[in-house]
Each structure stands twice: as structure tokens, then as C-alpha cells.
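Okay, got some structures for you below.
One chain, chain A, appears in both complexes that follow, with chain B as partner in the first and chain C in the second.
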Partner chain A sequence: MAERLSNREGIKGMANPTRYGMLRVAYWLQRLSGLGLLAYLIGHIYETSTILNGKAAWDNMLSLTETPGGHIVLVIVIGMCVFHTGNGIRVMISEGGKGIGRPGQPEYPYKAVSLSSKQRLCIWVSIALAALAMMYGAGVLFGN
Partner chain B sequence: MRESIIMKIHYGTALGAVALVAVHILMRLSQNFSDSLSYKNVLVNYHLLPYALMLEVILVLLSVHGFNGLRVILLELKQGRSYERAINYGSIAAMAVLIAYGSRTILMAGMGVS
Partner chain C sequence: MATVEVPKEEKDAHAASAPQQSEPKTITLRIARINPSEQHEPKFEEFKIPVQKWTTVLEAILFVKQNLDHSVAVRYSCRQASCGSCGMKINGKPRLACYTKISELDSPVITVEPMNNFPIIRDLAVDFKQMFATHKRMKPFVINEESEVKPGTKEFVQKPEDLEKFLQFSYCIKCGLCNSACPTMSTDKSFIGPQGLAQAYRYTADNRDKGKNERLKIVDESHGIWRCHFAGSCSYVCPKGVDPAMAIQLLRGYLLGFGK
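Entry: the complex of A and B
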């Protein structure tokens, strides 16, 4: 009983990013980037609604967002958006049963076939694309 | 509604949003970024019916996808009948409020009420 309880880590066990390798890190990045993008969507909808209050209100809002700080936030949003898209497509394909290997006999050292090099490569490609998009976005935003 | 159907909607809204948001961003990059955000330019965007319709579709797709994603995260953290019901209805309500607020901007700016 005591041993069974000691194995019950609850959310901490599920959320531990040091377990299950790269896939758990991708799981965390997907959720954090999703929450960030939802926060940005709400902010963006509020920001654009100021256009209804006339040119002065719109220009006032732009004076807050068209700043180096605002541009840094936008660059981070670009990165989150590209990673979320790339990794999301990987998750969709995996959920369709592609690229996760075939189930087999559990043999020592119990290496899960789903943690394949293809999956890891897709995650790294998503991160690389996000970094490239951030660099391009920074060039456009700070180049003006 | 079955979770499998909700996830299909989640993935469908994601793919639709990716395509349309790409067009939305390309419109900003079709000219100097700062110029594209000028008051006059943004109003012209809203007055263009196909573009305004696209913004409305993006708003719906992203609201559905975003709040369903938040619902999934919250349901992963905790379970329970009343908690799950609160999260499900809360997500739908938040989604509806955001769509209504965004649609108000698109409609009023499109009709020239600014």
C-alpha cells in the first residue's frame, strides 16, 4: 500500500519535463505556446477594437504596441505560432497512427517505438522553423 | 458531443486557421509593416468585403481552437463531474464572448461606424 502511494505523483508526475525525453518537452512547449497564443489573440482583438474610437485612439494604441518592447512580444508570438503549427501537424499525423511504429513484444530495455528518431526530428525541425521565422520577423519589425 | 468529434473539429479549425492567418500576415507584408497599420489602411481592409469575411472566419476558427485547447488543458489537470461541466460551459461562453466582441469590431468598422 505504502509503495503504491509513493508511486502516485499526480500532476507532478505527469508534468515532469525531465521524463519521457523530447516528447514531454514538446508536450510542454505545445501547451505553453497555445496559452501564449490565446492570450495574444484576446489582446489583438482588444487592440484592433480601438479603431472604432477614431484615429486618435488608434494612433494612441499604436504608440503602445509599435515600440521595441511591442516588437519583441510580436517576435515571440511569431516563434510560438510557428512551433505550435509545426508540432501540431506532427501530433495530428501521429494521432492518425503514422510515424509511431508498430506495437511489439515488450523486451528489455523497453524502448518505446513511439519515441522514434522521426518524431524527434519533427520536433527539432519545428523548433528550427520557429527560430528562422523569429529571425525573419525581427528583420521586418526592427528593419522599419 | 463525443471527444473524438471535438478533436476532429480542433484539428480542422487548426488547419483552416493556418491557411487564413498566412494570408492575413501576407497582407501586412504586402507593404511596409508600419504603413500597413496606419488608420486609413486598416479601415480600407475592413471595408473590403472578402477580407472582412476572412477576418470573421479567422476569428471563429481561432476562438474555437483556442478555447477548446484551453478546455483540454484544464480537463487534464483535474477531473470531476461539476468541474468538467463548469469548464465545458465556461469555454463555450468565453468563445461566444470573444467572437461577439471581435465581430462587433469587424461589422462596425466595415459599415464605417468609427
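Entry: the complex of A and C
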């Protein structure tokens, strides 16, 4: 009741990337790829732990990743990993107060310096690198 | 009094070249109506409003109050983006109603709702109590025991480049749009928020101030500065160019030892 009256959007608002420009999209992608990588890490630990049950169990588990579905999952993981790293480096540098511009006299129409084209370019470069890595990964996995 | 008679032909020529008064068009204004003591969800009421190209959303709401339904609750004052009273969600985004022209929204339907992340008082009016309390907690004043000008002393000299370090952050009108757009504020009710953090930086960056350590101690907590993830939404919606996202990252730079 109290939460409803406080009119917070909750997870739904946090997860909506559509309203506040490119940096909010990058924020959303960073969270999504982070959660995806966490899920992959848990799955990967489970997958490799099957070796404790012998070679047959390990081979059985490994064969799952060698299907087209398994390859698609791995290609997505490659993309998430590269984007998360690239965008993460941008965010780490920015959060140290670097690369976000200098304060000055704001002038109409008051475009925020911290949301500059430099930041947007870094986001696009992260997306492009992720796409390239995915294409390369898909070439290797499906090429064989 | 001397009068000058304009020749008839000239009068007609003037009339022909004068800009045509644009015909008012009609838009639908959807207003969220809610009284939290009686209901949990807002219901929307629709009003047909005649608008000109310069009509603001606030003027449209006031038209409703004057002509159609006087019970609509809205807070406003200066009508020129200086007081920060009329923040609300307009077509899904937090904006100042007095600063948003209906023509720039480019939509025949305008939906106005109370801002998110603030308790609703009624209809479009939200409660700023928590934001003002947080603002006060940031010690929004110059802390310097020698700031009083006494006989035999001079005023504190500040160079233009010193002023530029904090000037834009002092333009905050406390409208709350940044707090409303912040994704962390939407889930963490104890988060200081971009408004408070930007003000903490404004005074920290002021070279007259000696209270930097006090303020850094306040923001360096579990619901403080480290909960910002630089989504930039606060700066995206700020109507005064304050750029709270920049202030927060610069303040974090101070804490990490990168700032001066």
C-alpha cells in the first residue's frame, strides 16, 4: 500500500529503455547482458561439474552444446560478453569523472554535456564489436 | 493629438502581408485523477481543449480548471520554468508543464500524470518532502567560518574559472524531474537521488567551501553515490541544463581520488 502511494515504477520502470535516450538503452543492455552472463556462468559451472560423474556424463553434456541451439546460445554469450566488457570499460572510466566533459555555462536548449556524442560513440563501438565477435563466433561454430 | 491617416491602398497591403492568426485546433487532454486516501489507481478523464501553437501543457490544464472541471489538483507558480513547481509526466516523460508546448509534443492526445518516485498528494500534485529533506541533508550552503566579511577583511575572491566549476549545478530549481526519471530511484526508496547528489557536488566544487569531507561522508553510504549507474536519464530530462549525471560522476571522481 505504502509503495503504491509512493508511485514508484519499480522493476518495470527500471527495465524500460525507451524513454531517455541512448545512455538509458546502454544501461538496459548492460543489465541484460550481465544477467545473461550470470545465467551462463551458473550453467557453465553445472556443465563442467558433470565431469565428476565420469566421461560418459561429460560427453553427454558436451553434446548439448554441439547442437545448432547450443551454438546459437554460445554466439549470444559471445555478444553479451563483448558488449558487457566494452560498455563496462566506458562506464568505469566515466564513473571516475573522466570523459564526461567539463562543467560550464549551460545554454539553451540545455543539452547535457555528459550525454555527448563521445559517450554515444563508445556505446555504438561496443555494439559493433559485439556484432563482429558474434559473426566471427558464428563462423567458427557453424563453419565446422 | 496628431493622427496619421494611412492611405487605403497601403492599409490593404499591410493587411495582406500581416501574418494570419492561426485557427485554434483541438486536442484531447487526458488527466490522471487520483485521491490516494480513496483509491489506489488513477483514472483518466478526457477533456477537449482548443490550443494555439504557443499553448503550453500548463495553460491547457488551467483551461480545464477554469472552464471544465475546477477540481483538478495541480501545483504551479511562476509559469516560466523558474520555480520548479509544475513537474509532471507528460506523454510518459517527466517534464515541466509550463515549459512544454503542446505543439512540440506533436500528438493529438496529451496524457498528464503525476511524476513517478514521489508520493501522490492528489491528481498531478506530488509530495516533495523527501526530496527537500535529502537536499537539506547535503548541507546546501558554503561551509566556511571565515565567510563573514568583517571590518578589515575582504570578500572572498573567486576567479571565473572557479565559478564555472559549480555554476551550472547551482541552476537546479528542485523540480524533481531528475529523481522521477532515475532508474535507481524507481526501485530504491532510500537512494539520495540525482538532485541531492548534484547539490552535494555543487558545494564540494566551490573553492570557498570547507565542508567537502562532511559531504563526502554523507554521500559515501550504501544508498548513496555508489547506487548511481550512469544511465544519464536525470540529465536527459533536466529542463535547466544542470546535468546531474555529470555532477555525480565528478563527485565520484573526488571519492576515488581522481578529482582535485
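Heads up, the rule we're going with is that the second predicted complex is superposed on the first by the 125 of 144 C-alpha atoms of A that agree within 3 Å, B and C clash if a C-alpha of one lies under 4 Å from a C-alpha of the other, contacts with A are read in each partner's own complex, and residues count from 1 in each chain.
Assume a contact is a pair of C-beta atoms (placed from the backbone, for glycine too) under 8 Å apart; a residue touches a chain by one contact, two chains touch by 3 or more.
Quantities reported herein were computed from a predicted structural model and do not represent experimental measurements.
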Chain B versus chain C as contact partner of A:L62, first or second or both or neither: first
Contacts of A:G36 with chain B and chain C, given as first, second, both or neither: neither
Which of chain B and chain C A:L23 touches, first, second, both or neither: second
First (chain B), second (chain C), both or neither touched by A:G70: neither
Contacts of A:Y110 with chain B and chain C, given as first, second, both or neither: second
Contacts of A:I11 with chain B and chain C, given as first, second, both or neither: both
Broader residue contact with chain A after superposition on the shared chain, chain B or chain C: C
Contacts on chain A seen with chain B and repeated with chain C across the two complexes: 11, 14, 95
Partner chain B, residues of chain A touching it in the complex: 11, 14, 31, 34-35, 37-38, 41-42, 45-46, 48-49, 51-55, 58-59, 62, 66, 81, 85, 88, 92, 95, 140-141, 144
Of all residues in chain C, those that touch chain A in their complex: 36, 40, 92-93, 114-120, 126, 164-169, 171, 181, 183-187, 189, 205, 228-233, 235-243, 245-247, 249-254, 256, 258-259
Of chain A, residues touching chain C in the complex: 1, 3-11, 13-14, 19-21, 23-24, 26-27, 30, 91, 94-98, 100-108, 110-115, 119
Chain B to chain A touching residues, read off their complex: 7, 11, 14, 18, 21, 29, 32-34, 37, 39, 42-43, 46, 59, 62-63, 66-67, 69-70, 73, 76-77, 98, 101-102, 104-105, 108-109, 113-114
